[in-house]
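Following are the structures in question.
After this come two complexes, each holding chain A, first together with chain B and then together with chain C.
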Partner chain A sequence: MQIKPILAALRHHKAGTLLIAAQIALTLAIVCNALFIIHARLVRLHQPSGIDEASLLVIGNQWAGKPGSDQMASLMAADLDTLRKVPGVANVYATNTFPLGNGGMALGVSHSPDKLKSVTTSGIYFADENALATLGLKLVEGRNFRPDEIGQLDRQGYVKPDVVIITRALAALMFPQRSAIGQPIYISAKPSIVIGIVDELRTPWVDTSFAKWADYSTLIPYRELTPIVQYIVRVQPGQLDEVMHRVRAALYAANRLRVISPKDGVRSFAQVREQAYRDDRGMAILMSGISVILLLITGAGIVGLTSFWVGQRRKQIGVRRALGATRHDILSYFLTENLLIAVGGVVLGGVLAIGLNLWLMKQFELDRLAPGYLLAGVVTLLLLGQGAVLAPALRASRVPPVEATRSI
Partner chain B sequence: MFAYYSQLGLRSLRRNPMLTALMVMAIGFGVAASMITYSVFRAVSGDPIPEKSAQLFMPEIDSWGPQQNEHGEPPGALNYVDAMALLRAHQASRMTLIYQVMQTVLPHEANAVPSASTGYAVTADFFTMFNVTFQYGSGWSTADDDARAADVVITDAFNQRMFGGANSVGQKITLSGHDYRIVGVTRHWDPSPRFYDVWSEAGFDNPPDFYFLLNRALDLHTDNAGRNSCRGRITYNGWDQYLQSNCVWLMPWVELDTAAEVTRYHQFLEAYSADQQRAGRFAWAPNVRLPDVMKWLDVREVVPPESRISLVVALSFFVICLVNTIGLLLAKFMRRAGEIGVRRALGATRHEIYAQYLVEAAAVGLAGGVLGLLLTTAGMSGVGLLFEPEVARLAHLDLSLIGMTLMAAIFATVAAAFYPAWRAAQVQPAWQLKSN
Partner chain C sequence: MLKMTHLSKVYRTEVVETYALRDFNIDVKEGEFVAVTGPSGSGKTTFLTIAGLLETFTGGEYHLDNIEVSNLDDNARSKIRNEKIGFIFQAFNLIPDLNVFDNVEVPLRYRGMKAPERKERIMGALERVGLASRAKHYPAELSGGQQQRVAIARALAGSPRLLLADEPTGNLDTQMARGVLELLEEIHREGATIVMVTHDPELAARAQRNVHIIDGQVVDLAEDPRFHTAYTAAAGQVRG
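Right after this comes the complex of A and B.
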């Protein structure tokens, strides 16, 4: 295929050529950044929390009235008892927060009691002897809390646990050379001995600004005596829906002076996850929608302009056909022409895409665009261009040689 | 002439329905995507209290010091000791301290169960400073603040929920086991973002149900339900030690009416910090800030990155749609080179050709705008499915948005048509007639 005559012809359609190239370039820049954002968001959606989400429920409970500490302790114990008796409930414990809960307590962790600079920040989970079994966490080293180790923490109380269970990631960070079991860490002015290490447990926050210490969780043996408490319930396999309805009724039957929000007081972890990542999912859907429409519009634009060119050049096409050009020659002329424009467009678009990505990185702390996305975008747009040009090009190839003799 | 051009334009639009449909769709989708994201952006980035945002300031004092603060900035809220010192100093014409609370509410009917409610512990100036208007009754006075009165102001929505919207002033309400007397019911007042509480939350959560006295809330050891941030070892045990700790959780606001007052207040903050340094409480030089409402929203980065990214993407999307429209208009106009030649030969000036094609483009723009409006309306209901309901409920279609949608579509299309119309006007009549 001779490129030269095509280039010469393109020179007569500068505006149209530039417009198609510009459109391809801009589309590429947006689409591959959008793909990248979509992928990053989807990865977040499926980030494991470390717990056995499929069989867990969370109940947000708030006591009415003004119960004192002793009263709250007995109310909580009674509730745990009530929940344990609900058919289908396998295990339960009371805590301040849970993975994907997007709220809770974070404390600095260090090697010595006097600290201005801590090694890292850790998400703090209040736990008792049933927490590990309820959440489905695997102990990789050490032991669980004993019932006699579980303390009670008053409002604004001093968090100073004697023993803690930490995640494998936190253990490796604090004690890279040796086992963390039996070692002290400091989350208060008093040492807390590490008695157990769990495989994986993410901190409660999903926001990316917390991502750098998302794996550093600490379980502390306390029941927190505040009017607001979260019960985590482990359900026997296959009974999630039934138990969801039963627990609310059972708790209200035991004691009416409480608030369990009718809207989201009892949630399965599937719901918790959906709410936690709602914005990420929304962003992924929005970006996908925009990308698809953008590709369609660009394709339609190419069809429109090429049809116009074909219409304009019917006479020339007829002349070429009369001079011996085959249908195939005409078809490949238009396909090659489009390919040349598209290649020009994607080269420019590649530069724009990287520029846009750099700007997004600066403005929104996105990651660097992986080359795969750019490549996928380039291939998509080249194929789109060829696909879009096919119909007008086929129509051109069907122009009869006799057209050369007609005046219009 | 305009009517004639419009008629010509409509006829021409009907002539290539495919090409016209493509253009109308490109503009419709482009403008709809831009408008939907813009409406969300507008909702989250606007001035929440335009009549007073330049007189309201958030005093910040660095109580953590250079080793523990974040990038040299003060923490963004005050600890109890500093907050009370500012309140007692009376250096601003008005001042309030705020923290968020969660309370249970006892129902009126015997067989109903308690429900949850959220509110703020505030001082008397809160209502006057922030221009809160009342449906019934009013706020409380500074004398009530000092008397630690069990007064509460409830919002119209909470009044609707608890009292069916009737005048409830003077009624009793039980919040977390304590009785309060209702002194006022506000009209709907929910600045968006909730600028006075953006330190503690995102600023777009569900609106509060009530406001009660800060002094009394502190007396009753009412827990802070908002953000609490501490530095160093947390060694407090119990409420009184907590109040003396370095934990920051109280959000102060002052009203300063003139530039001189602002300068004076800033100097006061510096002097206060210097005093603390001399007294040995702070081991660092004064580090204070006094941003007004808009500056504060900017510092807190209240606009969610989601809505900013989608605005950028939607605007680029619109640009691509316009590039597409330029190409299609060019094709459409140049296809009629013959017709233009005839008109020119019959005496039409270049200017008239130009005008005719711009009018035609405007017609395309109008059609695109109407489609865009339909898509925007549909999209608005979709925003709630995609984003946090707190943000989504702020985005709504109003007259200004409808107007903007149509105007954006028409202006953009006419702007896009300048080059194609100019090319059309350049057609040489002689050449066209000759080739005919």
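Right after this comes the complex of A and C.
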């Protein structure tokens, strides 16, 4: 190997060498953190909500004319009847929110009425006896709500359910040593008995700041009597698109005193998911764009500097060829030279990447950078360097040995 | 050692063919010190670049150390340059980024020689040219004469069969030129085969044999009436 003389020669080209190494270092630091963030965002895009999204529609309904609570209860019951009769509808229930809805109610859950002693926060879903079947939730222990347990809650009312259904994760947190079924939990001053445990149901929020308790959901047996209600509709297989059109017409035919937004009043869960993660997708695209641009700039920098060096050292290359260097020797000289600079760059870049990640962790509650990303970044930069240097290095290898005898 | 028979070198453009060498014949025996002289543009340097396998030729035959080189590929030519030929250039052609030791080491590295042997040969060659104490110096820190001595050490370190020198004293003042020439004579006395291209009649006179090139051909100045006057004048200068 020619490492020693290459290093010796690089000492005479400090400015260019340091510039490229610094560029590689910065690119590595930014790109591997960006890759990490992009991957985290992409993972989130596909994070399961726990419900059977492919078969579900959500209808956002707003009553017109400020109906009273009693009136809303009968209007809601009528709507649920109407929806059940729509061809292709398998089940339906009314609720305050839904997974990926990015809004709703969250309450502290504790073993006693003392709110200050809550074990965790839980996302609260209003549900009835049809909720589990509609959402496609798997009841792993206990039972479903009975129709006689479903209460009604107007704006002035307080949530104080007698019974609740909670997720397996919440049950394990609250009762790690025993079954949660039959145990009281407190989301209000009154105990609520756990009657059922469902396998998985994420809370409505997708923001990472809610991630700590994203698996801790509680279903409470209530219908909310507010002017805005969400109907969750389960459709029969393969009928999603048809049902989406039918439900709006059916509801307006039953009662015109309502608003269902023409834009997003009826949404499939694919649309709900797309809207929920729009910011994440945008961030991933932005980060990808920045990473690609940075890599291109670094690649262009390497091509530029190496081309300059090849031009500058044309005579020297000719001398080396005259002294017995093969084309391959010249090619490997420039590839090795670039590799040495790039290795220096990635070592510095690795330190910078970890530093940047620590700063991001502190500022934006980002996770610790997984070593795989650093490794991927290092490999990418080294390959980029070798790829970028290849064309000028090949040009150098074609410098003929007779160049040694030319005066300029 | 070096035998060219009916060798030609033609540079072609779209409109014109230029013969740099035409029906060129030369035979340099092992251990000879041959000076190649001739006016500018006569083909001296072309001869040297072809002799050193730095360039290919168009026609004829060239045997170097009993190897017919016309059909060799680039790698084989590189290997022969590395193992059999030592170059001394007019402009020294040292690599400015490398110190004296590393400069002399360049051809030995391409030979794949182990480090201890390289070191031994480098220091031997530097001692031979009287520059062992300057091993860590860079070319810019040396005089022209010293740089050329380093170049000679670089050429000698690989123990080549043939030394090719292109105007080795062309960039040196008289005193330095004399030193370099004495060194070449010493190397020749030790058995090396040297082919030296030069403009300098005094330098040429110090060689064992002179070969004159005019218009791409070897001519015998004494025999050719076209050049008789010029040759006599040149010889007179040398003798004077």
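To be clear about the criterion, the second predicted complex is superposed on the first by the 406 of 408 C-alpha atoms of A that agree within 3 Å, B and C clash if a C-alpha of one lies under 4 Å from a C-alpha of the other, contacts with A are read in each partner's own complex, and residues count from 1 in each chain.
In this text, a residue touches a chain if its C-beta (ideal position, glycine included) is under 8 Å from a C-beta of that chain, and two chains touch if they have at least 3 such contacts.
What you see is a predicted model; the values in this text were computed from it and never measured.
Would you sort A:D162 into first (chain B), second (chain C), both or neither based on which partner it touches?
neither
Looking at A:T226 after the superposition, I want to know if it touches chain B, chain C, both of them or none. Which is it: first, second, both, neither?
first
Taking the superposition as given, does A:P400 touch the first partner, chain B, the second, chain C, both, or neither?
Only chain C is touched by A:P400; chain B is not.
Looking at the overlay, what does A:Q2 touch: chain B (first), chain C (second), both, or neither?
A:Q2 sits against chain C, while chain B stays out of touch.
Determine, under the contact definition given at the top, whether A:A189 touches first (chain B), second (chain C), both, or neither.
Only chain B; A:A189 stays clear of chain C.
Touch test for A:D81: chain B only (first), chain C only (second), both, or neither?
neither
Counting only touches as set out at the top, which of chain B and chain C does A:A325 meet: first, second, both, neither?
A:A325: touches chain C, not chain B.
State whether A:D70 touches chain B only (first), chain C only (second), both chains, or neither.
Once the two structures are laid over each other on A, A:D70 reaches no partner at all.
Give the label of whichever partner, chain B or chain C, reaches more residues of chain A.
B
According to the stated criteria, A:Q316 is in contact with first (chain B), second (chain C), both, or neither; which is it?
So A:Q316 only meets chain C here.
Intersection of chain A residues contacting chain B with those contacting chain C?
Of chain A, residues 407 contact chain B in one complex and chain C in the other.
Under the stated contact criterion, what part of chain C meets chain A in this complex?
45, 48-49, 52-55, 74-75, 78-79, 81-83, 87, 89, 91, 93, 95-99, 102, 105-107, 109-111, 154, 158, 166
For the complex, give me every residue of chain A touching chain C.
2, 4-5, 8-9, 11-13, 315-316, 319-329, 400-402, 404-405, 407
Per the contact definition, I'd like the list of chain A residues that touch chain B in the complex.
On the chain A side, the touching residues are 15-16, 19-20, 22-23, 26-27, 29-30, 34, 37, 62-66, 107, 113-117, 154-159, 188-189, 226-228, 252, 256-259, 261, 278-279, 281-283, 285-287, 290, 293-294, 297-298, 300-301, 303-305, 307-308, 311-312, 360, 363-364, 407-408.
What residues of chain B sit close enough to touch chain A in their complex?
Interface residues on the chain B side: 18-19, 22, 25-26, 29-30, 33, 67-68, 102, 104, 106, 113-116, 176-178, 221, 223, 232-239, 241-242, 304-306, 308-310, 312-314, 316-317, 319-321, 323-324, 326-328, 330-332, 334-335, 385-388, 419, 423, 435-436.
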